[in-house]
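Chain IDs A, B, C and D follow the sequence of writing; residue 1 opens each chain.
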Amino acid sequence: METEDYGIQCFPDASPPKWHLAHTTWFFETFLLLPHLKNYRAFNSRFHELFNSYYRSLGHPYARSQRGLLSRPTVGEVYAYRRHVDTAVEDLLALSGNDPAVTEILEWGLQHEQQHQELLVMDIQYNFAFNPLRPAYAGFRAPARKPLDRERPESFAWIDFAGGPRPIGAEGEAFSFDNERPRHIAYLQPYALGQKPVTCGEYLRFIEDKGYGRPELWLADGWDQVLNQAWEAPLYWERQNGEWWHYTLGGMQTVDPDAPVCHVSFYEADAYARWAGKRLPTETEWENAVGAGSSWRHAVSGSNFLESGRLQPAPAAADAPLVNGLSQALGDVWEWTQSAYGPYPGFTPPRGALGEYNGKFMNNQRVLRGGSCATPASHLRPTYRNFFRPEDRWPFTGIRLCADRT
Amino acid sequence: METEDYGIQCFPDASPPKWHLAHTTWFFETFLLLPHLKNYRAFNSRFHELFNSYYRSLGHPYARSQRGLLSRPTVGEVYAYRRHVDTAVEDLLALSGNDPAVTEILEWGLQHEQQHQELLVMDIQYNFAFNPLRPAYAGFRAPARKPLDRERPESFAWIDFAGGPRPIGAEGEAFSFDNERPRHIAYLQPYALGQKPVTCGEYLRFIEDKGYGRPELWLADGWDQVLNQAWEAPLYWERQNGEWWHYTLGGMQTVDPDAPVCHVSFYEADAYARWAGKRLPTETEWENAVGAGSSWRHAVSGSNFLESGRLQPAPAAADAPLVNGLSQALGDVWEWTQSAYGPYPGFTPPRGALGEYNGKFMNNQRVLRGGSCATPASHLRPTYRNFFRPEDRWPFTGIRLCADRT
Amino acid sequence: METEDYGIQCFPDASPPKWHLAHTTWFFETFLLLPHLKNYRAFNSRFHELFNSYYRSLGHPYARSQRGLLSRPTVGEVYAYRRHVDTAVEDLLALSGNDPAVTEILEWGLQHEQQHQELLVMDIQYNFAFNPLRPAYAGFRAPARKPLDRERPESFAWIDFAGGPRPIGAEGEAFSFDNERPRHIAYLQPYALGQKPVTCGEYLRFIEDKGYGRPELWLADGWDQVLNQAWEAPLYWERQNGEWWHYTLGGMQTVDPDAPVCHVSFYEADAYARWAGKRLPTETEWENAVGAGSSWRHAVSGSNFLESGRLQPAPAAADAPLVNGLSQALGDVWEWTQSAYGPYPGFTPPRGALGEYNGKFMNNQRVLRGGSCATPASHLRPTYRNFFRPEDRWPFTGIRLCADRT
Amino acid sequence: METEDYGIQCFPDASPPKWHLAHTTWFFETFLLLPHLKNYRAFNSRFHELFNSYYRSLGHPYARSQRGLLSRPTVGEVYAYRRHVDTAVEDLLALSGNDPAVTEILEWGLQHEQQHQELLVMDIQYNFAFNPLRPAYAGFRAPARKPLDRERPESFAWIDFAGGPRPIGAEGEAFSFDNERPRHIAYLQPYALGQKPVTCGEYLRFIEDKGYGRPELWLADGWDQVLNQAWEAPLYWERQNGEWWHYTLGGMQTVDPDAPVCHVSFYEADAYARWAGKRLPTETEWENAVGAGSSWRHAVSGSNFLESGRLQPAPAAADAPLVNGLSQALGDVWEWTQSAYGPYPGFTPPRGALGEYNGKFMNNQRVLRGGSCATPASHLRPTYRNFFRPEDRWPFTGIRLCADRT
């Protein structure tokens, strides 16, 4: 990363890295230090608006689409801001000990920063892919790829789950966001999930079967996107001399047919499922499958999260840990569900500005589950609800199929 | 209605009346006559594209936003088209008797035309309201209004409903759309519904409490609408000399504080509920409350549907029929629910182009229930799922509050 | 023309026919009757804003782009408005005799209505061409066309004109617009004009030589238009089975290679001239060539103006009248000049709202000269300055080449 | 300037400083080195498209509006690029001596770089003004300001010039751009020019007289800008506590009533002139006044050009050099003329890609004359024709009035 890389914003949803660094710092300053640390002096009072993301109850946030137009503060000044706030947080902790009013906000601040760690990876990938010079973020080379063997037998397998009333959502003392609560009953029909996420090789068959040219496979809004955005393949994919390549944080690579397909929108996931004669799971179906029991806890360490340093999804390893029979349920790609993002029965947001954290976005978004190769491992749990707009493609998003069992 | 009124389209979603007349005719021609009536000759082969609404599997529909730019065919030619098709349908019925392949499509065609009857009323209202001359559609005058008595006691009442597993959706032989099926189990928490819809008088208190100026009450997308569209009141409302008026199909009228508030978006309904410390019901909560038993059947005839000729919601009559304790559950205003419009478990659309009828719109829409003053009475049933975008305000949309009971 | 044809507006610059009929009436009511006829009662006071085109000093004109969204007043009401005003004008004339304050405005009103007669033809053509049914406006059939003979010899001829100081602009008592005055001296270099306008056959060679694909031939703004609007030929041209057709008011016709090319923008005229190694004339070069002497007066009656009823440019007739050696200098097509539309030295607009008539548009427009097949013959004179934006193509616009002579 | 300041682009017309540095280098590489220096190796072949501004004949320029989205090449790499090209140019000069094919392009390259020196100043000002932190570019403080004395007598003076045929344009060996040639005769009426440019104090009277609220003062396109852009004062002006401030490269300063008004569009200049009962000069009137004789040569050194280091216009000094009676004719502010930018009679652009330098922009632009406080002094001459769109305000643009003398 060069200094120049910290400042750019190649589309309105991808913030400059510098902004992420400052905003996560602002979060601690605003929610933790100003209310709780006596005599705390803000680093720069103008930052209060500049690095507010969207909290309307805290004033007028600086326009999201113009974050890349601020050359000041410089990267150096932003790091000084971070040091200033880090020091003050340490002072506060030394003073307040285990005051739950402090530790609760501290926990939110850390969770918030983990979310921005993933956004940083997403945004850097988008910004670099946008540059015709296609710089690589990291020095690693991709492993040698097997050529796509179109003759080999389908290895697709289904894992069945029973129906009935099932508890969904978080409970207890461990941290979870407000949107994961309260725990409540959902009623499921019997169903099956694909044993692993849809691979690039499988998705290529959809492309080759003219999936992007058949309106009957798409939701109306999705088809509008296909036409307006001229979608022909997942984001970052390019065909060169008859071969598919894609931009990764390691630079341009050939597409690995065995890796999970990634950077597809909800519309593409949905169209793929319809093409395959299947559907996407609901978020309750997903959570019921993955969250039952404790096998997911053992699978975390063997999964492809941010800590693997790979920064892209990987083919299923032969010895990959299974979660109730499912492979790659955690990490690699966020799995689109068909569930619109909404409140659980009895949902109550926190009081004050943190009440804007999740609830105000419960509109025109779809839930994703399971984490990705850019998610910190400690951030994920089976009740975790991620959400994006159905047209979004720059997160590490993939597909797991679902089928009715009756 | 003058000839000129049949051709205009004042925003992309409101089609010209002439287009509705032609499109509903096209529906019978395309789905019923061309496949089933031997030797049927299309009235004009160019109409196949001109009056296709969105069925991609039938070719390239004429651009929706440009429907108001077609002076030809004339109104007279469209009526000739209708006579041509009506005659042919009668011929077909004489020939085919009770062939279910025919009667099923015929039923869809009739239901489809009923939907457009409501759209016609909505669109005419929008188009007339747009004209600075504010022509009235119908000759009736509004009844004299009581002045808003802000001192009178709240008459708000709650009707409680128990929780547990509940059957939801349509079954059996009677007609229903694909999106109402299959019948399945949903699991509800105990809840209460407002005894009647929110009135204009109640909504005025939200306005006067600066509801349109407080971002904390709104979903993020809703607040963007408030700012971008400069919303300050429901659609068609105007303040003149300190008094609220609204455009109705009978012309400009003062707002009746006792009538249900109408022409509010989902965002406004949701913000109002949050301001009131309550929430919107889910569609399953609504259906469970209204659909249980058969009291809804008795309430139809006393409800304010299209047949009343009023074309606007009315204050609850003293002797209005109740449905399981609820007033105005049917007719008057479509009631926004918090439920995103999606497929029921096991949903299967019909084969062929009719499969595009409902399923392809299951994205970024919210379900509304109960029918309105512009809905034909015979079109409505408790399992009926209407849907609009959360920003839509030109349908006859209103609010019924819901509260948790635990 | 059907009633429905009077109301549509297929792009913002093309007003509905009904609007033209009402606006020209409004002009007499506003500038003539209200100030000069005692006790005159406006037909409808709301029309004052509805049919104001752009006179800011008279209040807030109704939005230009929304003229097609008004179903009321109806066509019948607009004709009643015209009768009301016609009668009042006759009353005024009977009372005021030759009061110059009245006759001067009357003259402007008549000239103004003549301009709208041409706009009516232009706008009807645009609106009809927009309709996939492509209705014809008039019943005439085009004469049989000769096939394009690409082998026949070039018949292009130049007419030379000397340089030096030359008087330009109108003077004297006869009516002219403010923008044609005052008469003043311009200094010309020797030059030559094409004997006749560029023909469709000549323009086809530019198309076939990939003129629409070579950026070096175009002004920067013109090239942006070519790319953004996907221009490949003049407006209304379509290639069908290898042959060029164009929409005319008589319906679709094959392109006549001998007729002047029409419906080209300034950018296309300029690019064509550059491709031909020539340039467009300045408006002073054009006026000096056509206005000298009185031969133009004799040519009017033999020229293709509105009165010919043809409503499209025609090939040069063998016995066509010449103006100082030039063929088709009057009528057929407005000829783009390279001159930006600006004030003559000493230009003074009239006082009051009529001062907005011409002067306020002297920006980002180019001057055209000579009148077209849609211009009333009595409206035209050699000093007449028409103007359009360089991207406009819906007027009857053509090309006459110019060359330096030194 | 910090590294971060080199990369941002706050509106599409203001390129990032880094881009200017690379593009001016690209100009030498493309037009000088690649055709003329044998064995020259391009620094990076991808730069050929990245730093092409608009030369369509050289391929597909990188999109102008996205220049701020390129974090690579870094500032350091751009400087390396400059060193690489500088060295090669020195090599070429050593080899080619006085080969005119080389020195002519070299001259264009140097003139081109001077133009970008001014653009750099303009763009940096825009980018800094955009940042809510309002950083200063340079360390200097503004001198103390006199308060605005509204009572003091008008000091406005006119300088008269005679009419008749006058030579206009460049000739001879000294460098000039193609658009300044050929020298030709223009015919002028007698006229007078304001002795000095319009001052901020004078312009404030226009503001206070509601100049921005009176449509009759504005061209139609200008009035649209006033409404759409909510113009209320020149660019960079802000009212704080009843006092006018403006952003300068030295930071926020109070407006000096004696300094020439700056950062006004052509529309504002034209409206001001109309308000004052005067008009803007034509470019020939300006050139005839300033270019006659040689007094302009003596005035250069005492004028406020880039070399003064002031970077903003200054009040007229008591001992300021006059040019034929005019004060501040050179430097301080570019003076809008009423002349549309077009070709002189007999204009011929250079062959090849340099032919795109000036000619292709001769559309919808107005000519400005005289140079500004950001123009290198050696770049300016009386025949020099600058041009901008009539709505542009970020150049250092001002007003000199003109009056007819008859």
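Criterion: contacts are C-beta pairs under 8 Å (C-beta built on N, C-alpha and C of every residue); 3 or more make two chains touch, one makes a residue touch a chain.
Keep in mind that what you see is a predicted model, and the values were worked out from it rather than measured.
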item	value
Any chain that touches chain D and chain C	none
Chain at maximum distance from chain A, centres defined as averaged CA atoms	C
Euclidean distance of C-alpha centroids - chain A vs chain D, Å	48
Between chain A and chain C, centroid-to-centroid distance (C-alpha), Å	59
Separation of chain A from chain B, taking each centre as the mean of its C-alpha atoms, in whole Å	36
For chain D, residues that touch 2 or more chains besides their own	none
Touch relationships between chains, expressed as pairs	A-B, A-D, B-C, C-D
Residues of chain B that touch chain C when the two form their complex	2-10, 46, 49-50, 62, 68-75, 127, 130-133, 135
Interface residues, chain C side, partner chain D - complex	54, 56-57, 165, 184-189, 215-216, 218-223, 279, 338-340, 342-343, 345-346, 355-356, 360-364, 390, 404, 406
